[in-house]
Structures are given as structure tokens and as C-alpha cells.
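Here subunit A shows up in two complexes: once beside subunit B, once beside subunit C.
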Partner chain A sequence: MKVSKLFFVTLISALSFMAICAAESKLLFAEDKGLTIAREADRRDEGFGDSEEVFTMTLVNEHGSSVKRRMRVRTLERHNDGDWSLSIFDEPADVKGMALLTYSHGIDPDDQWLYMPALKRVKRIASNNKSGAFMGSEFSFEDFSSTNDIRKYTYKYLRNEQFAGMDCFVSEWVPAYEHSGYKRMIVWHDTLEYRVLKIDYYNRGDKFYKTLLLKEYKQFLGKYWRSMRMEMQNHLENRSTILTYDKYRFRLGLTERDFDQNALKRSN
Partner chain B sequence: MQKNNDYLKKIGMGFGRLGEWIFDHRWTVVIFYVFLIAISLYFAGKLHKDNSFDSYFDKNDPTFTYYKNYQKDFGSDELSYILYNAPDKPYGPFDIDVMKKIAHLTEALENEVPFVSEVTSLANVEFIEAKGDTIEIHELLLDFPKTQAELLKTRDIVMKKPIYIGGLISKDATNAAIVIEMTRSSADPAERLRLDPKGGDGMDNLYPQVSDMKIREILARPEYQGIKYYYTGDVPMNTTYNKVLGSETGSLTLWTFLVVGIILILFFGKWFVGFIGPLMLVLLSLVFTVGFMGLMGYPMDVMFLMTPTMLTAIGVAQSIHILAEFKHNRAIGLERREAIKQTLVSVAVPSLVCATTTAAGFFSMAGSPLEALSEFAIFGGAGVLFAFGISITLLIVFLSFGKNAPAPEKEHSHPISDMLQRFLHWLVSFNLKHSRIIIIAAAAMYLLSFAGISQLRVAFNFLEEFKEHTEIRKTLTYVQNAMGGLVNLAYVFDTGQTDGIKNSEVLKQVEKLQAYADKNKLVKKTYSIVDTLKDMNQSFHGGDPAYYKLPEDRNLIAQYLLMYEMSGGKELEDYVTKDYSRTVLELRTIFTDSDILAGLVKDMQDYMDKNQIKAAKVELTGIGYLWVKMADYIASSQTKGYFIAILMIICFLIAVFRSVKVGLLAMIPNLLPVFMTLGAMGWMGMNLDYFRVMIATVAIGISVDDTVHLVTRMRMEFLRCGNYREAADNSIKSVGNAVIIFSVVLFCSFLVYLSSQLAVLASFGVILAITVFTAMIADLFLTPVIIYTFKPFGKEFQVE
Partner chain C sequence: MMLRIFLLNPLTALLLALGMFFIICSNVHALELSGNVTAEYRYFFESPVRDNLEKHNLSVAFEPKLYHLFANSRDSISFIPFVRLDQNDPQRTHLDIRELKWQKVGGQWELRIGIDKVFWGVTETVHLVNIINQVDMVENPDEEDLLGQPMINLTLIQNWGNLNLFVLPAFRERTFPGRDGRPGSSVLISNDKAVYESDAKQWHTDFAVRWSKTIGPWDIGISDFYGTSREPRFDSSVFTLDSRGERELIPIYEITNQIGMDIQCTIGGWLLKLEAIHRSGQTDNFFASATGFEYTFENIALSGTDFGVFGEYLYDEREFKTMNRDIAAGVRLSFNDMQSTEVLAALIQDTKYSSRSYYLEASRRLGNSFKLAAEIRGVANVDDRDPLVEFKADQYVQISLGYYF
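This part shows the complex of A and B:
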């Protein structure tokens, strides 16, 4: 009697231990796989050197009326730190010529300088807070500055599912930097090319906040995939913003000199 | 003449037969009531509490729509405000230990208080700073000063920034504030106010109570002591309000029951049914009313607070005539069944008329644009009718129990009844002797009242809703004197196009209007996008105060704003929509009477018209403006409501007495007490608030009851004896007793409102009680005199 009792206790304990281990390992697997997907996506985008993109941003309000902004962004790929970028504002006319130079530093605050043509002055701006709206659009500053750096999030693989006719990895990204406007994001990568197809954003109160759809992907230099149309829908305020890319150019021979404070002034 | 009397008698006989039927089938009636109670309780379960502004306004009202849009664009304008000072520290709020505590407190409030959108104090306020070539937007004390000297340097910077003065720090730097902005507002529907979505609508699970509790708990923690806090604003005010409503609905009802019970014992002695019958009647009419509210989907709001007391008073008063008449019939030796029949024959018709006129008084307010008032009118009126229904059915069941055989009692054995009878005898002779003087006095009273009414103003002040000794009122008064205003008036500039606000013309007009508002003594602080632009301009020019001005160039404005966005500035989200199509100028005014606020609004409007402030469509909103609109609605609906009430009651009286002359004459003693009350309020400079506005309609409906009983009895007596004086005298002697008890019950019940913490309800009770008392005096003295002076029932005749 005693022996059988001992046997059952041991069996139950062993099964419980195995169950805990299985659950633990599933968790570890999910975290590992989430990170692996993000790393692979990042790896596939490495080596583009430099680029320039021109895009139009269309802001659509809740009544359906819209307004346009135009910008150019030059990027210099960096290997030991975050990328450098120079954003130049072309429209609306009142901000034409404004330019923002950003040295990205992963989870540390970026270095940023801004050129204001109305004052003809360059000012360094210091801020950790990137959650504000970008030029009145449904995009925030962090939407532009964060997704290209693997250190900015922690990752968890959730599942595989079909999206836009493609098999996708679905992962959860949680911002690792301070002052994010999001609690988490759910990201869809296609399993073939590791392109981001969709992101659901949840605000700090964990309310379903926005959805970004990345469409019309084109491949450049036979390697780099770029979405030519991004649609951001704000579910809480029923507004949307559409980014349409007119062109992408790669390997223009841009150097560090094209990303210094003097470059800001002559960026027009 | 006999013919004329037939129809009232016929109706009376019908009620008499009903009485007999109830006597024979009392258990059927009881079962029917059990069924009705079950249905009512079922619907009562669907009732929900709603003390929000929602409950006042019709959801389609444009004023309310503007307010909701404003909240959607710029967030809730509800806030909590913690004023603090440290008188025993030499640098007050800028003492380094005090500032450390405030920094931690700010963080604790932001992290722990539910429904908080933002907490701002000197420790974390957004600060635009230019250092050499760097422009920074950061929290003021992001790098916390290490020494007192460093903090004093910060103080010098802060005191040069007009944006902080009067809001976060007083001009003399002795008082500072923590502003807690909320994500919710009193105007939100109940489901948005729950902390735990499945936790139900108990007070402890709802905004603002949950936020208030947490704030108080945090402020009481030992680590934040050594500083004097004065906690006020929408959250504690609305919490106090809700708590008062929650606790006083029950306590006022209990007090009323107690008061009424004592009066009933005083008048009816040890007669058990005389005590328990009216109370059961009232209880059931309350249950039916609450069930009716559930059925109609009405919320339980502030107006419900007065309902139990009012229904108790009216219900008991209604039953008194029946009880007194029944007692009289038993005393003269009628069998129980016959006594019931005769009671209903003579009392049911006037009771029906009384109930209908009282209900009409309530119903006349149903057209009010204030939803809470209009719903109160309907359920209040329905409650009165329920009470009547119960009084002629279930109360009769109560009376049916006991021996059927005649049991004559000494009717006048009760000392109070004896005293009343002696008074009534005296009254009859007084009326006979001084009939002229009484009529002249009444005419003079009317004239004086009209003069007073012309001075009456419609206004209310939420600060004065609470009695002076209450903590909430004392704190608010202190804060208002020490720092500034907490009532929000918002001017929303809508350009209708994206980026429209960047137009310097629009901004100049905002600035102009803001500068004008700043000059007004009621306005303690103003906020707009212009402040931030001026602050940025100053910061971009080395902090030079000469540059604290609006840039002229549209491009520079747009570039400042983009720079502000890129630098992580967040404060502007409270004042401008993110597409820059709408912006708001907010005025914080002191708590004052709504008509004084209306004066400010008009003054601002005149200024806008005169100065062509038309670059954008300007919508006025904010809690302060909702008050002004409420007062407007009260003023407009009051005139209409009074007119409707008077007209309805005249029509009833004319229909009941089938005589225009009788109907109009009966109105003279009815209107006098109401006009006297309103006139006296006018003379005394008292205002009509949203409670007091109901006095006239409720009082007309109630005071007419005495008159109906008296005039009906006089008419019956006249038709019997053919002589006006005799008819008047007999009526006073027989009905006078009940009239006095009826009025005493109402008078004492309405005085129960005095126990409320809400000054507004207490004063309503006192005024209503006085009106009821005046109505009794008018009925006893004036009604008989009018009848035998004007002889409205036709010529006197000799009885054969």
C-alpha cells in the first residue's frame, strides 16, 4: 500500500515537473523565435549602404477630408550603432526647408539637430519623448525611428497565420526604451521574405489603437524590399494617414559629411 | 341646483361602490398588489445611478454636443487640484525637502490614481529651455537640484515664466499646486466610469469615487507629511455630491417617516391603521415609482434625492382626508363597510382632483429641456397618482379589517383635535367679522408679490450647493482665494481646415480674446496655444522677456510647432488638435453665480462682435458654459412650466365644479402663497436655482388640494342648506381639521430637507414648507371669505 502510494506521488511530481519544464521551454522557445524572426528580418536588410526616399503623406480626418505633406529622407547605414538619417520637409510651404538630422542610438536617446529656415538657425533638440504625432499624422516619431533597431524591443513569437495571401509569423514586440507611446505591438512578417506586412499597435492603456498596413512591396538592388504604400489607421479617432513613396534610390555615395550640421543648412 | 350636483355625487357613489367591493374582496386586492410589487421590483432592479451632467442634458442638445466634441478633441476638462504650502519653511514650495516630497507625490499620483491622464506639478511641468545652441523640452526638474541654492535658481526661472503663474505657483511663490487631469468626465456614460468593468455600479467601483479615495489615501501617507494640502476640484466635489446622494436618499426617507409617524400618532392617537396605513401607502408608492423609473429607463440622479420625502409628504397628506373621514363615519355609528363606502363617496372625488392637480404641477415641468428635470416631472407626477390609487384601494383594505359592527367613538376626545376645533370655531367668527380686511390684505399681498417677482433672478452656484461648514466648500473657498479659478469656460476656434490654426491671423485673434479675458476680474488664469508659442519664442531668444510675444511670421509659427512636436512636447495636445484645425482658449474663472458667468460670456461675445473675431468659427463650451445654459433653460422652462401648471389646474377646477367662476375664484387663494413665496424671494435677493425653480409648480399643485377639499365641501353644504355663510362655516368646521393636519404633515416633512448637507436642498425644503404653511393660512382665511363674498354657486335659497 505504502509503495503504491509513494509511486503515485513520485509519478505526479515527475509529471508536474515535466509540465512546468514544457511550459517554460515553450516560453523560451517563443521568445527565442520572436527574436530570431526580428534578427533575420534585420539581417536581410543589411548592406544597403545609403538611400534616399521621397514620399507623400496624406492625412485623412474623420470627415474624410485630406491634406498632403511631402518629405525626403536620406539614410546612412551604420554598423556599430544606429543609422543616421536626414529628413527634409518640402510641403507644406510653411515648413519647407526644415530639416532634421538624427543619429540613432538604439535604446539610448537619439542625437538630433533641427534646421529652422525661418530663423536660419540649427538647434540641437533633446528629447526622450517620441510618442507625439508626426506632423499631425497618425504616425508618431517613434514609428519612424524605432523599427530599424533590434535593441529597441523584446520579442515573442505568437503563431503562424495567413495574411494577405501569405503565410506569416506573428510576433509580439514590447518596447524596451522609455517613453514609448505603446504597450505592445503585434507584427506580421511573411515567412518567405521576412517583410513586415502589418502592425497592430496597443497604447499604454493596452487599448487597440492603430493598425499599419504595408503594401505594394518592391525589391531594390535584387535584395532590399521596400513598401511603396503604408496605411496607418487610428481606430480610436477614426483618422488615417497614407504614405506613398514616389521613389527609392540606393547607394548614392552619401558619406558622413552629408549628415553633419552643415549638411542640414544645405539640404535644400 | 340639485341636477348640477348629480355628476359629482354619481362619481362619488361609484367610488363608494368600489369601496364596498374592496371590503368584500380584500384578499383579491392584496394578491393584485403582491403581483404589482413583484413587477415593480423587477423593473426597479434595472435602475441605474447617474449623477453625471448627462442626466441634465438632452443628448441632442447642441450645447451638449459641442461639449462632447470639445472633450473628444482636447480631453476631459475635469480635474483635481491640490494646493499646497509650507508656511514653516523659509522658501515655501521651493524648499528642497518640500520639492522632493512633491516630486514623489506627483509620481505616486500619476502611477496609482485610476482614470488619471496627467499629473502636473512644479516637479514635472513641461519646460522649454534654450541652452546655447540646444533647445530642450523636458520636465522642469528632470535633473533634480542637489542643493537649495540650485533650486532657488530654478525658482527665479519659473517666476519669470507667465505660463506657470496663477496655475502652478501663486504670484508671491507661497502657494503651489498639483493639477491632476482626468481621462473621464461626469458627462460620460456609467459604463465608462467603472474601475472594474464587471464590478457593477457600486460607488466604490465608479469614477470619481475610486480616484478620490486613492488621492486621499496617497495624501495621507507619512512620507508626504509636513506640507499643508488643500484638495479640491471636480473629483472631490463630485464624489462628495455622489456620497451625499447615496447616503441621504435613505436618511431623508427615514427622517420623513419618523416625522410623519410622530404627527400621525399625535393626530390619530393609538389608532394603528391611522399610523401604519399611510406609511405603507407611501412605501408602496415609492416602490411603484422606482419600478416605473426602471421601466422608462430613467436614471437615478440628483433629482431623485427629493423624491422619497416629497412622495411621503404628499402620500400621507392624501390619506389623511380618507382616514379622518372614515374615523368620523365610524364615530357617528356607521358599520365598517358602510363607513368605508361613505368615506369614499364624500372624499374620493376631491382626493382624485387633488392628486390630479398635484400631478399636473409635476407634469407641467415635463417639457423642460433639462432632461433630469423633465424626467423628475414625469416620475414625480406618476408617483403622486400611484399614491392616490393606493389610497383608494389598499388603504381601504387596511380599513376593512376589524369588527364590522358600529363602534361609536368619542370623536373629539383627542386633546389636539379639541384644540383644533376650538381654533376653527374662532376662525369662523374671525372670518365673518373681518372679511373685507382679509380681501384687501390679500390684494395688497398680490401687489407686493408681483413687485418682488419682477426682481427675481435665475442663477445658481455649485460652490454654494454645499453648506458653509462643509469641508469641500471651505477648501474650495480657500483655494480660490489663494490661487485662482477652477471653473472652465472654453472658446474653441474651428478653422475647418488642416493647419488652419497656424494662420497668424487666427492666432492673433486668440491672443486678442485671451488678453481681453485676462482683464476680467472673474478670470483668474487663461490658457491657449499662444502661451506656448510665446514661451518658445522667448526660449529661442535666450529667455529674453521682450520676446515673450507671438511671432508674426506664419512660417516661423509652423516651424516652432514642428520643432515642438519633434522635441517631444505634449502639453499642446490639450489646446490644439493634432491636425491643427481646432484650438481652444480656456478661461479659469472663480466659482460664482451662473448669471454673473452669463454676464462674462455676454461681455466676451460683445467684444468678439465688436472686434471682428471671425477668422475661425468660435464655439463656446466648458463646464462653466453648461452652467450658464442650464440657468437659461431653467429661466425659459420656468415661465412655460408655471403657465402650463396654472392653466392645467384652472381647467381641472373648472371641469370639476363645472363653473368658470368657481374655477377662477378657487385659484385666488391657491396662487397667493406661491406668488408670495416668489415675491419674498425676489425682495430678499434670493435666486431661483434648479431646485427652487420647482417650488412654484410643486407648491401650486399641493396648495390647491386644501382649496379643492374646502370648496367641494362648501358646494355640497351650500346645495344642502342654500346659505353661503352657513355652508362656509360648516365646511371649515368639518374639513378644516384635515386641512390643518394635511398642511402640518407637509410642512414638517419638507423641513426634513434641512438635514441635508446640500444647502440647495435645505433651502428648497424651508421655502417649500413656508409656502405650504402660507397656503394653509390662505385657505382657512381667504377661501371661505371669497366664497361667501362672490357667491359663485348661484343665489341663496330657502330649504323646504
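This part shows the complex of A and C:
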């Protein structure tokens, strides 16, 4: 009797221990897998060197009327830190020549300088403006910032799911940097090429806030995939912003000199 | 020779410049044209100090820009003429070449030759360090409109920072409102009888150098300027009589040396700012500084709106300056909307007298090509001993509509 009671207690303890371990390992597995997916997506984008993209941003308001912005963005890949970028505004005409220089630092605040051509003034701007609207669009500054620092988010794999006719990994990303406008994001990567196809954003109050769809992927240099059409829908305000890319150019031989304050002042 | 014509007869110079520009660019297709034409209306609240002055003023300005980047992506030329037609003040009806330059970019250097504009500094309410260009005062009393300055500018880009070297072969006189112009009507200033300390007059060759570097959150600049002071000195005993027998003060331009320093530290939403200068010359010998901060509450209540507050302490050893022991406080609202709506308001309080001055600037884009802007400048509680008293009769509200292309 005594033996069987002891056996019973041991069995129960062992079973509960195993259950806890299983739950724990499932969570560990989910976090591990989420991180692995993000790492793999990141790895596949390494080595592009530098790029220049030209795009049109169409802002559609709640009444359906729209305005267009045109800009160019040059990016310099950095290996031990976040990427550097220079964004030059071409339209609307009143901001033509205005430019923004960003040294992103991943999890740490970015360094940003704004050039105002009318005054010929370069202004270092506050680095806490992550969640602010970019040029009145539904995109925030943080949506454009470099994601090559894996520490910017914590990751959790949720499930596999079909999306846009492709098998996808679905993961949850939680920003680890300060001043984010998001509590979390749900990210869809296709399992074949690890391209981001869709992101659902939840605001600080965990309300379903925005959805980004990344379409018309094109491959460059036989390796790098870039979406030529991005659609950001704001569900709370019923407004949207569409980015259509005219062109992407890679390996133009850009150097640090093309991303300093002198280059910023030369933006035309 | 071009330079001499430019300073003596802007219209001829402008036509010459245009001609040259088109000859240079005639076999080039990628000539970019942009710019704006802006209509402006001003209403002055106070009764004028003279009968000839009007309460209403209409004006229009045209500022096109021609730009060409050569195929090597290293050389470029740009040309920005500016013209304003003013209803009441013939002195405000003026023509200027804001920019006409050739620029060459090297690996560790940049060279600019021609007429250009340079801005140094970090503070909001005064621009002490900024000295390369003359102020186009008839445009706006805020001293942010500048006349094109002839220059040779070499920038050296090194690990230890940027070194900017300037040779400034000619000087531009500050523009002042005429007898029929407001604001600035309380004191008449001669626009054609300026006197100089140097025998070379406006042909004195001036020099400037500025070292600047970014170190983490710090943006630091240290500069020195030697040459004709951009800010004229006035002496109540140095005047001329106009055709009506009224006194016009004569601007006195002395040779001066200005050492300047501008620092900004950017941490999170904070900008901490300092500008300080020391100027020495024949009669001028003083220190001035502006110390301040700006803090931005970004995306308040998830509305998309950024709300910034700033404060600055303005110090100047010169007693006659309007802002010599003043505290400035202001707010900046950026709505981050489709129309880029922005509002800036500032109040500047004198600590010696009760006098204060204020300004408000707001702007909003209409559609894709128009921009509507409003501005109010005024003073309150002005003590008669405060030099600000000169502005008492000239408070105004301004509305402008610009077409951009």
C-alpha cells in the first residue's frame, strides 16, 4: 500500500513536472523560432551595400480625396550599427529640397538632422519622434527605420498560415526600443523567401490600429527582394497611404561622404 | 567685374547672369526649374507715425530656382534670383541674387564659388553666430531673410571635423525700409549714404572660418569672422537730411572680428542650445549669448501632433539692443497632417523694463501647390526707455499665399 501511494505521488509529480516543462519548452520554442525567422530574413538581406529608391506616396483621407508626395531615399548598409539613410523630398513643391539624414542605432535612439533649403539651415532634431506621422502619411518614422538590429524587437512564433497563396510564418513582434507607437505587431513572412507580406499593428492601448500589405515583390541582384507597392491602412481613422516604387538601384558606390551633413545640404 | 555690376546695378547683373546661365546650360537637357510666387498682405494696427504711411500693404515676390547637376554628379550650378514688388515702399521693391554658384564635390572637400547663403546657429529667437550674409531687413524684421553673398568657400571634411574656409570679396549693405515703409518707420535710415571704416568700402576682402563636428549627442561649431560688420552702428550725430529736410541716420560699417560658438545637445525629446559671440572692433567690444532649450512632446494623445516648448535667455552687453536681457518662451505645434499645418508662437520679456514683444507664425498647405501663411508681430507694455519703443507704431498681421512649382 505504502509503496503504491509513494509511487502514485511520484507519478503525479513527474507528470506535472513534464507538463510544466512542455509548456515552458513550447514557449521557448515559440520565442526561439520567432527569433530564428527574423534572423533568417535579416541574413537574406545582408550585403546589399547601398541603394537608392524613388517612390510616390499617395495619401488618401477619410473622404477619399488624395494627395501625392514624391521622394528619394538613399541607404548605406552598416555592419556594426543601424543603416544610414538620406531622404530627399521632391514633391509637394513647397518642401522640394528638404531632406532628412538618419543614422539609425537599432535599439538606441537614432541621430537625425533635417535640412530646410529656404533657410539653408541644418537642424538636429529630437530623437524621440518614432511614432509621429511621416509627412502626414499613415506611416510612422519607426516604420521606415532600419530593422537590421535584431535586438529592436522580441519575437514569438505563433503559427503557420496561408496568405496571398503562400505558406507563411506568423509571428508576434514586440518593440524593445523606447517611444514606439506600437504595443505589438503581427508579421507574416513567406516560408520560401522570408519576405514580409503583411504586418498588423496594435497601438499602445493594444487596439487594432493599422495593416501594411507589401505587394509586387521584385528580386534585385539575383538575391534581394523588394516590395514595389506597399499599402498602409489605418483602421481607426479610415485613412490609407500607398507607396509605389518607380525604381530601385543597388551598389551605386555610395560612401559615408554621401551621408554627411554636407551631402544633406546638397540635396536637390 | 560681374561682382561689381551685381552690386551696383542688380538688374543688369541679373540679365547677365541669366544669359550666362542659359549659355552654360544650353546643351544640357536636365535643367531643373522650381520656385514660388507669393502674394502678401500686411495690416498695421496702430496709427502711423507719419501721414504718408498706410495701414494696408500689398506685395508680391517671385523666387525661381534653376539647378543643374552635371553627369559626373560632382559638379552643379544653381541660380536663384529674387524680386519683390511692394505697393507702398520703393525700398522694399527690390531685386537680389540669392544664389548663383558653381559647386564641386570632392572626396574630402567641397568648393563653392559664386553667390550663396550660409546659416550657422541653433537658437530660435536670435541668430547671433550667423554672420556670413547680410540681412535683407525690408523683407522681415525677424532677420531670417538674407541677401546673397559673393564668396569662395572651401570645406575640408576630415575625421577631426569639418573646416569651412571663406573668402568674401564684397560686402552687401543692409536694406532698410524707406520713408513710406513699415515696419521700422520710427527711425529713418539712409539706404545710399553708408559710411565705412575701411577705405576699400564695400570692396574690403573679408575672411571667415568655422570648425564643426558632431560628437554623439553634441553638435559643436566654433567660428571666426574678420571683416566688415554686417550689423551697422548708428550714431545720432551721424545723419543726413532728405529732400524734405527730415533726418536720416547713416549706417556706419566698421571692421570687426567676431568669435562665435554654437552648441546643441540632443537627448531624447530635449534640445539644449547655446550660442555665444564676442565682437571686437574700433568701437564695438562686447559679448552676447543665447542659452536655451526645446522639449518636444511627440504624438500627444496619439493624435499625431507634436507639441514643443522652448525657452531662451538672451544676453547682450550692448544697452541699445532690443533683446539684451530678455527671457523668451514659446510653443511649436506640428500637426503632421496632410497639409503640414504648423504653428509657432513666442513671447520675449525684457527683464529690465516691463516691455515684451511677441510673434506668431502659422502655415498650411492648400492642395499640392499652394501654401497659406499668417504672421503677427507686436509689442506690449513698452517702456519708453526700451529701444523696442521704435516698433510700437508698427505692429502688424500678415497673410500670404504662395504658389510653388
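FYI, the second predicted complex is superposed on the first by the 265 of 268 C-alpha atoms of A that agree within 3 Å, B and C clash if a C-alpha of one lies under 4 Å from a C-alpha of the other, contacts with A are read in each partner's own complex, and residues count from 1 in each chain.
Here, contacts are C-beta pairs under 8 Å (C-beta built on N, C-alpha and C of every residue); 3 or more make two chains touch, one makes a residue touch a chain.
Since the model is a prediction, treat every value here as computed from it, not as a measurement.
Engineer: In the superposed model on subunit A, is it clash or fit for subunit B and subunit C?
Structural biologist: On the shared subunit A, the partners clash.
Engineer: First (subunit B), second (subunit C), both or neither: which does A:114 touch?
Structural biologist: first
Engineer: Pick one for A:132: touches subunit B only (first), subunit C only (second), both, or neither.
Structural biologist: Both partners, subunit B and subunit C.
Engineer: Where does A:67 make contact in the superposed view: on subunit B (first), on subunit C (second), on both, or on neither?
Structural biologist: Touch partners of A:67: subunit B and subunit C.
Engineer: Name the contact category of A:203: first (subunit B only), second (subunit C only), both, or neither.
Structural biologist: So A:203 only meets subunit C here.
Engineer: When the two structures are overlaid on chain A, which partner does A:49 contact: first (subunit B), second (subunit C), both, or neither?
Structural biologist: In the superposition, A:49 touches no partner, neither subunit B nor subunit C.
Engineer: In the superposed arrangement, which partner chain does A:106 touch: subunit B (first), subunit C (second), both, or neither?
Structural biologist: Touch partners of A:106: none, neither subunit B nor subunit C.
Engineer: According to the stated criteria, A:260 is in contact with first (subunit B), second (subunit C), both, or neither; which is it?
Structural biologist: second
Engineer: If we overlay the two complexes on their shared chain A, which of subunit B and subunit C does A:89 touch? Say first, second, both or neither.
Structural biologist: Touch status of A:89: first partner only.
Engineer: From the options 166-174, 346-354 or 526-534, pick the one stretch of subunit B whose C-alpha atoms clash with subunit C.
Structural biologist: Of the candidate stretches of subunit B, subunit C runs into 526-534.
Engineer: Go through subunit A and flag every residue that touches subunit B in one model and subunit C in the other.
Structural biologist: Looking at subunit A, the two contact sets intersect at 59, 61, 67, 92-95, 119, 122-133, 135-136, 179.
Engineer: Show which residues of subunit C lie in contact with subunit A when the two form their complex.
Structural biologist: Subunit C residues touching subunit A: 32, 34, 36, 67, 69, 76, 78, 103, 105, 107-108, 110, 117-119, 122, 144, 155, 157, 162, 212, 214, 219, 264, 266-271, 294, 296, 298-299, 302, 304, 306, 336-340, 365, 367-369, 371, 402, 404-405.
Engineer: Please output the residues of subunit B touching subunit A within their complex, sorted ascending.
Structural biologist: Those residues of subunit B that touch subunit A are 130, 133-138, 497-499, 502, 540, 553-560, 562-563, 565-570, 573, 578-581.
Engineer: Touching residues of subunit A toward subunit B in the complex: what are they?
Structural biologist: Contact set of subunit A toward subunit B: 59, 61, 65, 67, 89, 92-95, 98, 100, 112, 114, 116-119, 122-136, 141, 179, 239.
Engineer: Contact residues on subunit A for subunit C in the complex?
Structural biologist: It is residues 59, 61, 67-68, 91-97, 109, 111, 119-133, 135-136, 179, 181, 203-205, 257, 260-262, 266, 268 of subunit A that touch subunit C.
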